[in-house]
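Next come two complexes built around chain A: one with chain B, the other with chain C.
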Partner chain A sequence: MSSPKFERVKQGHPGLSELLDRLGAYIRAQIASGQGYIVPKLAAAALRLNDGEAFVLLDLLAEGDVLRRVYNVYCRKENALLATVNSLDDLDKVAHCDFCDADHDPSNLKVEVAFSPANSDLRDLAA
Partner chain B sequence: MATAGRGDDPKKGKPVVPSLREQAHKERMDLLRLADKSQYPEIRAAALDMAKRSSKHQRSQEARVPPTLILVLNIVLAMAATLACWYAVLHYPPPISYELCSINILLFLVLVGISLFLPGYLSQSNFMKILSWPVSHIKTWWRSRGDKQSEN
Partner chain C sequence: MRIYLFRFDDDANVTAAKASLNARVKNLGIPISEERKFAGDRKAPMSPVYAITGGSLLRVKWTEEQTRVTLNAETTDLVRETKSKRVVLIADFASKIAELRLNPPENSHTYLDAGGRRTDEAYYQAYKQKATDVLGCEIVSIELRPVIESLVEEQDPRIVRIQIDDHTNQKNYKTKTTGARADVRDDPDWLLGYKKNGETWAWDAQSFYWLPKVSRGFLKREVYTHINADEEFVNVNADCSDEEVEYVVSQIRAR
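Moving on to the complex of A and B:
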């Protein structure tokens, strides 16, 4: 994973260069295996970091336009992914649960912060 | 629509569940708190910076009154206070005009404090500090009035 944007993020954080390289390799492997989203918790487990550290590294890549921040909304009852939205504003538009065929209260929904490759870098990541 | 407010609903007495936006913000802040315990100083610094920006953004999103409206309101209040002071100086002798000006300024500060406190831009402790200024002014004035009466 060596897109110009990724390199720029590494240059901005020289102390995290090695961790970002490991994360880059993980992201590439995830994309190659068909995973659409990078979940901080799973990345943390794979890289042997704590969830917060993985999140910060992923967020740095999102700030560098390598990744895109997304929010996955799950039905708590069915534990099923209902929607993936790109912004916090769109979260309030998530309404109907097709699995339960009901309009859930927010207490019955769960939000997970995740990351997906930014469109422009998708080609670089998969390369 | 998956929307809800914060805290408890005082009318119904039942807890109001946080909206999805608030849940997302909380998850983000929880992760940043975890990152703050990292062994990597650069991750800690980045987490702190992200937390600051995230909180600021969340506060502005939660604000019920737009910041521009508050700014306009405070500018109008400042102009009114200035005009009132000017009027007092022109129409009253110095001791009274000074007192009127100080009352004007204190009233202005209290109104600014209220306009900032209600939408959540000012903390409760700072708001209480502002409220204590007119109280201490009244106490000082009352004491000096008492002293004058005892001299007479």
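Moving on to the complex of A and C:
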């Protein structure tokens, strides 16, 4: 099974076709193993790319509506995931940190860009 | 001391940036000098000390005073101590590289983030922006994950003793391993995980000591360094000599 949106992104960037295929396979494997989010640094490590390259490829898939950009918010002190939000504006709504028992100031949070499947296409791919 | 390591952006017009450097430095109020100078007693934020602009090399120094505010628990009085901060920008226009060395900020300074909050990050960002202003072209941080990966791999001989390893695996689990006076690579549990899955770990941060015996005489002692790849900086101890810092930076850039 193939995702039409994924194929459209490949067609729009023929020079990146092979990299996108490798990335697609990685995303499918991650989703199949229960990972809800694709993290650029992990994709980079798995595909032997640098962080910037992995981010650009993932962002291309987000532009093609294959993925959706989200933000993982961590407690800076404990490095614990507190929330995943859809926009930077939502950072002000991050919940209480149970690890520190405090409502953190934004400067005490660490934000990591991640990507999640935008719709059922990639979940179908993983099936 | 925190160190940011940069390279010039691929699209940067380095020739034009170098050609206009002296004019830009003067416009920014930085006195041009032919030699390094002591910071003196300048107090204001981002007080320029000197800029050495000869050849392809650039060295700029700023200084300022900040205040460390602590609480005396016995008297409940606030104790204010004035601390001098030094910031140095070093660039090589021929090699298209730059580095920014900064003393860590105190808890009372003048730098505010976009939300009006006084943060350490606002201090670091302000000087990174000032460095970009001086250089006259865009700079990008070098990727530090491959550096950590390389240092972990190099075992014969070991260049460093790894005291703390901090990585994330493909399941997005973060693992931190700490060895007291040892090397985490000698821990059987760590080694088992590294051999099985190490190739897919994302190296987030490591603390280690550069070993003098493989430094070809550059180091007389073990030199501590913390590489934070997530936040793209390197830390060395404040008592490091200029030669030790240069050794650390050159070793990192070589990987």
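In the analysis below, the second predicted complex is superposed on the first by the 123 of 127 C-alpha atoms of A that agree within 3 Å, B and C clash if a C-alpha of one lies under 4 Å from a C-alpha of the other, contacts with A are read in each partner's own complex, and residues count from 1 in each chain.
The working rule: a contact is a pair of C-beta atoms (placed from the backbone, for glycine too) under 8 Å apart; a residue touches a chain by one contact, two chains touch by 3 or more.
Just so it is clear, the structure is predicted and the values come from calculations on it, not from any experiment.
Engineer: Please work out whether A:Leu91 is in contact with chain B alone, chain C alone, both, or neither, and reply first, second, both or neither.
Structural biologist: first
Engineer: Is A:Ser107 contacted by the first partner chain B, the second partner chain C, both or neither?
Structural biologist: So A:Ser107 meets both chain B and chain C here.
Engineer: In the superposed arrangement, does chain B or chain C reach more residues of chain A?
Structural biologist: For chain A, the partner with the higher number of touched residues is B.
Engineer: A:Pro4 in the overlay: touching chain B, chain C, both, or neither? Say first, second, both or neither.
Structural biologist: After superposition on chain A, A:Pro4 lies in contact with neither partner.
Engineer: Just chain B (first), just chain C (second), both, or neither: which does A:Asp51 touch?
Structural biologist: Both partners, chain B and chain C.
Engineer: Do chain B and chain C touch any of the same residues on chain A, and if so, which?
Structural biologist: 50-52, 105-107, 110
Engineer: Chain C touches which residues of chain A in the complex?
Structural biologist: Listed in rising order, the residues of chain A that touch chain C are 30, 33, 35, 37, 39, 41-42, 44-46, 50-52, 79, 105-107, 110.
Engineer: Give the list of chain B residues in touch with chain A in this complex.
Structural biologist: 1-4, 17-21, 23-25, 27-28, 30-38, 40-43, 46-47, 50, 61
Engineer: Which stretch or stretches of chain A touch chain B in the complex?
Structural biologist: 13, 15-16, 19, 40, 49-53, 55-57, 59-60, 71, 73, 88-89, 91-95, 103-107, 109-113
Engineer: Quick one: in the complex, what on chain C touches chain A?
Structural biologist: Against chain A, the touching part of chain C is residues 113, 115, 117, 119-121, 143, 145-146, 168, 170-172, 174, 199-204, 230.
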